[in-house]
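Note that the chains take the letters A, B and C in the order they are written out, and that residue 1 is the start of every chain.
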């Protein structure tokens, strides 16, 4: 089944604006608040997440449709119970891989991401990407190649949406540094409130798609 | 035996991923010195920047990888240096702690006019004249910029609106030095207890008009000093600590009581504080 | 009317207090205190000793560098002592105290009968300006001979005279334009000659229509070598970059100088001084100063000798010390408040304003109304500077063009929260300069 341009566009627009992983589906809040203090590190974190999400989408779809739903293996019903376990395995390895590579190639970024890099492992946004549209894209109407293609798009746009939210939040928080905030609201409380306001603003995109 | 196949498949997936990771970690291997973490652990973690590096982590790395001197940490003078020396296998010569000293007494500084601008010392001095809303153009402005920057809460303003340092808390990081637009604050080792607590470089007659406790460059201290350690430079008594033996004779002769023995004063203040706490 | 800069404010100008007072000669006091720092740049070095006899116009201090200006004795008399005095901006500076002998004798070669038919070469004019110690008379006090000697690669094709006088209260330039338009126009002609410039303008604000008419007529009589431009009333119309834009529609680039836009701006007072220096060989020893405000009973415009204590002309105008809450040297927007009424008049003191209702405001937090952004003539975001300045994050302002701020004070004037924005900007600029010096020193260390 071929997709039309409208459908592609709806997928992209939806993932970046209306169903933004952070602001609408509330996935991946830990790095969202953790790495959004400086715009530079927000961009780095966003790129790492885009990379992990895309690769994780591709690999998990290959495993799910190519292996678990493979006609010769279908009788074991692995798709029904083995998906999350195997996906976590894939994601964890990918994050480890990114960490090793970053440490070598971009030590400065590695340092500024700090603890949040390994946390991508447990970033529910990544697991969410692999799970949310899994059964829809794995339907028999799509060929394996098509399913992988769609899932990878889902990963890329989901990652871009995450990066956008993270970057905007970092911009807001850089300005919060100069704001007059009551003592008890300083730091995380005001960050969560600003995050909520941003989520409300993004809610305004509902109805576009 | 339906369970066998899934287990085998999971094992294969895991095996492949493991192999990839193993290759990657070989290929992108970065040597990390475990001592960096140990040094970081030993540092006080105040991130005050007194060492000249951007925080404790950067300093720890500089010690281990670039061989930076281990005695730069001001808040951790003494104990920390020993601990770091232990980790690095170097000999430690424990450093004497430094305290900040405010070179103004401020007693009797009279306001000249009402200053209504931004109430920070730097803002006041940048407006030129506003910085001299007191008679003395060299003394403490008393707007408390140093109080604000002190990461340890060691500075407060006394009843004359002059900054005083609480030596119990002061870690000698020197942040206040930058904050003071009049360059009144200096870092001195703990044992350097005789200080000239004035910065007035005007001639005696002018200085006398400006403040009750201004150095009038009378030279009594110069004549009294048996070690030739005190001189008048720019109408201000300056102690040469290379020669000073801390005998305290100058303290007794100063007609303006601005050469002080900090040991007695610190003891007094400490007792007063203890009393307050009780 | 031409297209002018964006932004700006309309403070009430209070010029009605002193605009109809003809310029009068202020009496020369018994003793004059001539500061050696009357200009931007290196202070001048005194070249007379205590007890020396000096004549009016005799050099008493040599320039202390290229960006510096010579200082001449404003009277004939005796050097009493070398002392210090306060500068209106707050620093202490050296000063020569001269006792007036009442003879008012000019030094040899000075004060000749002007021969207006004589032609001068560019070099002669610059040399005369340098000799006369002329500085920007509008208040900036930048040595004029430096402005007149741009690097050869910069071609200046436009000379602009600043007759805008956009500061409220001040009327010194206005009176000068009314009373001696001829010298101003001849001064402009000399300036045009210096650069071989093609265009010359005199910018005058629309609230001085009579001055505009007089200047226009004089220019027409002299052959129309320059154009008088009537500009809308707007503060800071008289700021260099804004005036260049209004007259030529050219913008001075970020971090650049007027010469980068091919223009040179001089105050009308400076043009008058240049005329006197070149034609009459009279160095700069007097200037027009407005004494005004509600703290004086008789506002006036005085021709006053440099070094006259402000007190003497203030008293002449009926200064009421009890009524006055704030005494400002210069205009109220950019001048400096001062506590000392003994301060000597210097080359840049265009006015002394005695304010009676100078309330000290307690500022509130920035409410982000954006009015300062609307009025900023440089197109900056003053609210950001004030927020960073308030938090002490001075170095953060480097990325948002703080160095383009001309410190005109329009933002502070308009701010409904009464925030002292310009003061924060000044602190930030000073801190940035310090940081830059520190970085340069560190870089030099590495080498």
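One rule holds in what follows: a contact is a pair of C-beta atoms (placed from the backbone, for glycine too) under 8 Å apart; a residue touches a chain by one contact, two chains touch by 3 or more.
As the structure is a computational prediction, the values presented were derived from the model and not from experiment.
Enquirer: Going by the touch criterion stated earlier, list every chain that contacts chain A and also contacts chain B.
Expert: Chains that touch both chain A and chain B, as defined above, are C.
Enquirer: Between B-C and A-C, which chain pair shares more contacting C-beta pairs?
Expert: Pair with more contacting C-beta pairs, B-C versus A-C: B-C.
Enquirer: What chain lies farthest away from chain A once each centre is taken as the mean of the Cα atoms?
Expert: C
Enquirer: Distance from the CA centroid of chain B to that of chain C, rounded to the nearest Å?
Expert: That gives a centre separation of 43 Å.
Enquirer: Once you find the CA centre of chain A and the CA centre of chain C, what distance in Å lies between them?
Expert: Their C-alpha centroids are separated by 61 Å.
Enquirer: Could you tell me which residues belong to chain B and also touch two or more other chains?
Expert: Correct list: empty.
Enquirer: So which stretches of chain C touch two or more other chains?
Expert: 390
Enquirer: Spell out the residues on chain B that touch chain C in their complex, using ranges where they run on.
Expert: Touch list, chain B to chain C: 112-114, 116-118, 120, 122-123, 126-132, 137, 148-149.
Enquirer: Report the residues of chain A in contact with chain B in the complex, numbered from low to high.
Expert: Counting only chain A, the residues touching chain B are 63, 67, 73, 76, 78, 82, 85-86, 89-90, 93, 96-97, 100-101, 103-105, 107.
Enquirer: List the residues on chain C that touch chain A in their complex, please.
Expert: For chain C paired with chain A, touching residues are 365, 387-388, 390-391, 393.
Enquirer: Help me check something: in the complex, which residues belonging to chain C touch chain B?
Expert: It comes out as residues 86-92, 336-339, 360-361, 389-390, 392, 420, 423-424, 426-427, 430-431.
Enquirer: State the interface residues of chain B toward chain A in the complex, per the touch definition above.
Expert: 2, 5-6, 9-10, 13-14, 17-18, 20-21, 24-25, 28-30
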